[in-house]
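There are two complexes below, and they share chain A, which is joined by chain B in the first and by chain C in the second.
Now for the complex of A and B:
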């Protein structure tokens, strides 16, 4: 699909109203929730959202729900398996003519990065192998947010979390969930950010149209866990893209395309200095860590530019 | 009448086929695998119209089972031992989802040490989950129980998942004559799937398994499960009566064998209860007034039936094929707590543990148990729990260890 085929050419093409209603117990300024709002607006109400334990499990609290579609909370490890059951049952109901084609629904998994990169990987991997027709939405707040921001498989190198309080922060490296999926030839993959709604809308539009397993990884600035004031959430989202820390890309037909290549990338410090979780990086003696991060980002984009030049 | 020699596993597969299941999420584990292979073959050859998905684990399998049932189809699945434990988080969760699916467990001892042979510690680990539990002692009963299980699960007064248990090897791999009910009759008995109020639909969205805030909401839903379990006792009775009328086989909540005029009773579940029946016959020939109680329904626990059947008896020997370490036999605890303070209850309820990991319980051991029970009744003292193990077995074990130079364990005097 080319941009010219998209229903979302200009910002004013975006839906004006959110279908996920307000009044939930999610933290003010939650970047994950913002992305979810924007995603659901494109997906519409005919959805079954299958949720893994995490912050968003508190969206639906008895007897209220902000969703206009259906909701199934499963467990931390098995949301994609829940999606398999729902999809298989819908297919069976369609095949036996118990429901009409227009009663079919989009099956969506909603989980955090902890579930997506760790405990839920077996269920996820199985769903990809089986070519399950679903959209996996991973809101990436780079830690186990619901339990108080401990380090997860999604935590970036050097970030402070509640289990990495040392002077150098988290010593592991962020797991490359995009590549894990890509290696198994999904139908569609994309990274998005709530701060880039047009890019997000086009990608969700594609994921919805394509049959098979799709993953959307949504950058999710988390005021509570990353330590910044809630009103800066969108700014941090923008900086993540402009510094090149959060590449916006998609995978389709065996190819990765960067949908927004930041021209004149800002230094990563612009992004880091806004967040308490990186404050220690500016202490004397930690300059090398910032240098390393900048070098990683530069190397990533060098590689992107090279492959764009050679067409590979 | 279609009577065939079937293994317990194939009988279970027939149960699913006759019940008209829509969906089977599966994961292999011995000694259960023959069930899913059999259904898979029937689906592949067109003998059975259903869909099946092989999952990546039992945890996923049970999640898919629940998700499908909540979307509005009839679901069957099966596991065993390590698989049941691996999926245990979802066993508890599915009860809260109130999805009326049927899970067959083929009992197998739990690791470590790892074994393939049966005892009941696996299925009893699910005892407090809220799943209803039916325990089978013959291959016929496996098939029949699955048909009844769907009625029970889907009944509007119950709406809970049901676990049907059969013992690995002794039933799973043992061929017995099984009457396969006529498809039409079975379908008529089970009826079409009733999705109840839990059903994801495009026009009528549903939120399922949502969070609650606070103990008031939590307790409310937990007590609802308890009330549904309590209802299930009577519902089971109705279904069993209807089943007997349709198919001519009685499936009481507790099977009582030669118990009416008995002074002494064995109490057991599962396939080893058929060994106890033989022992009862032999002991009767030798002049004993002895019988057997075999609870088919373990959850909900048929307490009233037990009280009636035990009233006026001198003594009861509960033989547990499980062991709650540090406490003893699980059934013994259930039975004694049900009979405590009841007038006419046996004064002695002795506890025996045996048959772990497929170890046999020999006829002589049943005779010994009966002797012990009678002596305890004469003396009027409740005997301590006994772990069945013979001197010959210990010698064989020591010999085995000697061959491999395993140092003998140190024992304090």
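Now for the complex of A and C:
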């Protein structure tokens, strides 16, 4: 699909009415909720959401729900298995004509990075193997946010979390969920940011139209866990894109395309200095960590430019 | 037994306040319990924490229902039934508020049976990013002074012990506020007295049960209903609110409405309207509005201006 085919050409094409209702127990300024509400605006009301345990478990606290469609809560490891059951049930209802074709629902998995990059990975792998027709939405707040921001497979190198309090922060590296999925040949795969709503809308539009397993990884700035004032959420999302820390890209028909290549990338320090979880990187003696981060980002984009030049 | 309850909002350091006071009691030779209760467990939502302390082992468990001292970090919580500040207060209960208004005003307003003390150490913390997290230290400092059994140096030691993982500057900020509250309340040292034990055989079943009245829709929502979370008025989490200046608003509604995480900015005839029943006051809309048509108003200021 080209941009000219998209229903979202300019900002005013974005929906002004929101599918997800207000009144949820999610933190003020939550970047994850911000991205999820944009995503659901495009997916529409006919969704069944299968929610792995995480921050977003609090979206639908019995008996209240912000959804128009159904919501199923699963353990952290098994959301894609739950999605398989829901999809099979819908298919059965369609086959036996108990529901009409226009009553079909989109099956969506909602999970955090802890489940998506770690605990839930094996159920995810199985669902892709079975070519399950579903959209997996990972709100990536780079840690186990619901329990107080312990480090997860999604935590970036050097970030301070409640389980990486040392002077150098988290010693592991952020797992590349995009590449893990890509290696499994999904139908569609994309990274999005709530701070870039048009890019997000076009990608969700595509994911909705394509059959088979799709993944959307949504950058989710977390005021509570990353230690910044709630009002900065969008600005931090924008800086993540402009510094090149969060590449916006998609995978389709065996090819990866970068949908927004930041021109004149800002230094990563612009992004890091806004967040308390990186404050220790600016202490004397930790300058090498910032240098490493900048080198990683530069190497990534060099590689992107090279592959663009050679057409591979 | 000292029975002390701290009330605040998520992010105002109430859990830390109870830890600090608990540790201070312990260092002063007491047996101690301290525990937080989170409720919605989210920044801005009402939470409370409590401390029990006495020289003998403590056998009492659960939430404190007859407090000797109630400390309120944030006066905007007082009218919220969910916060439960006045729960179980008696003639012997001392109420402490971190407030710009005096104790006499609050005593009259609340028809409070016991002593009411107020101290304005809010300063600039309300509007500084993360400033509200120091409210806990103010309450811990005041509580230590009011019991009259915790010396200042013990309080300072407790702060250092509890904040061992925190940067030195933050520890210092906490100490400064705790000390200020401690010194301001020192002339009232000992006003909070130990309460007597609660005896099981003395328990009488209450003659009536107080049930707060909710709307029928909230008390018994349709569980198959859509979008029922709207019944939850999360606007009560808010200390500051965004206000749209309709003259400056250029009607590019997509910015504020799309970036509001909570779907709390609705678009009507091409114009944004803030849904104050649900706005949590994150202020993303104010920062993102390119025509600077949204400004910040403190909830408290608006109330007193009326």
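Following the convention adopted for this analysis, the second predicted complex is superposed on the first by the 312 of 312 C-alpha atoms of A that agree within 3 Å, B and C clash if a C-alpha of one lies under 4 Å from a C-alpha of the other, contacts with A are read in each partner's own complex, and residues count from 1 in each chain.
Rule of thumb we're sticking to: a residue touches a chain if its C-beta (ideal position, glycine included) is under 8 Å from a C-beta of that chain, and two chains touch if they have at least 3 such contacts.
None of the values given here were measured: they were computed from a predicted structure.
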### Query
Who does A:215 touch here: chain B (first), chain C (second), both, or neither?
neither
### Task
Go through the superposed model and pick first if A:110 touches only chain B, second if only chain C, both, or neither.
neither
### Task
Name the contact category of A:65: first (chain B only), second (chain C only), both, or neither.
both
### Message
Tell me the contact category for A:88 with respect to chain B and chain C: first, second, both or neither.
### Response
first
### Query
Does chain B (first) or chain C (second) touch A:272, or do both, or does neither?
neither
### Task
Figure out whether A:207 sits in contact with chain B (first) or chain C (second), or with both, or with neither.
neither
### Query
What is the shared patch of chain A, the residues that chain B and chain C both contact?
45, 58, 60, 62, 65, 67-68
### Task
Using the touch rule from the top, collect the residues of chain A that touch chain B in their complex.
45-46, 48, 50, 57-58, 60-62, 65, 67-75, 77-86, 88-93, 95-96, 98-99, 102-105, 122-123, 125-126, 129-130
### Task
Spell out the residues on chain B that touch chain A in their complex, using ranges where they run on.
22-23, 25, 51, 53, 55-57, 59-61, 63-73, 75, 89-90, 93, 200-203, 205-213, 217
### chain A partner contacts - residues on chain C that touch it in the complex
11, 40-45, 129-130, 165, 167, 221, 223, 225-234, 237-238, 252-255, 257-264, 266-267, 275, 277-278, 280-284, 286-288
## Note on the structure
Seen from chain A, its contact residues with chain C in the complex are 11-12, 14, 16-18, 20-31, 33-34, 37-38, 45, 58-60, 62-68, 165, 194-195, 197, 223-224, 227-235, 276, 279
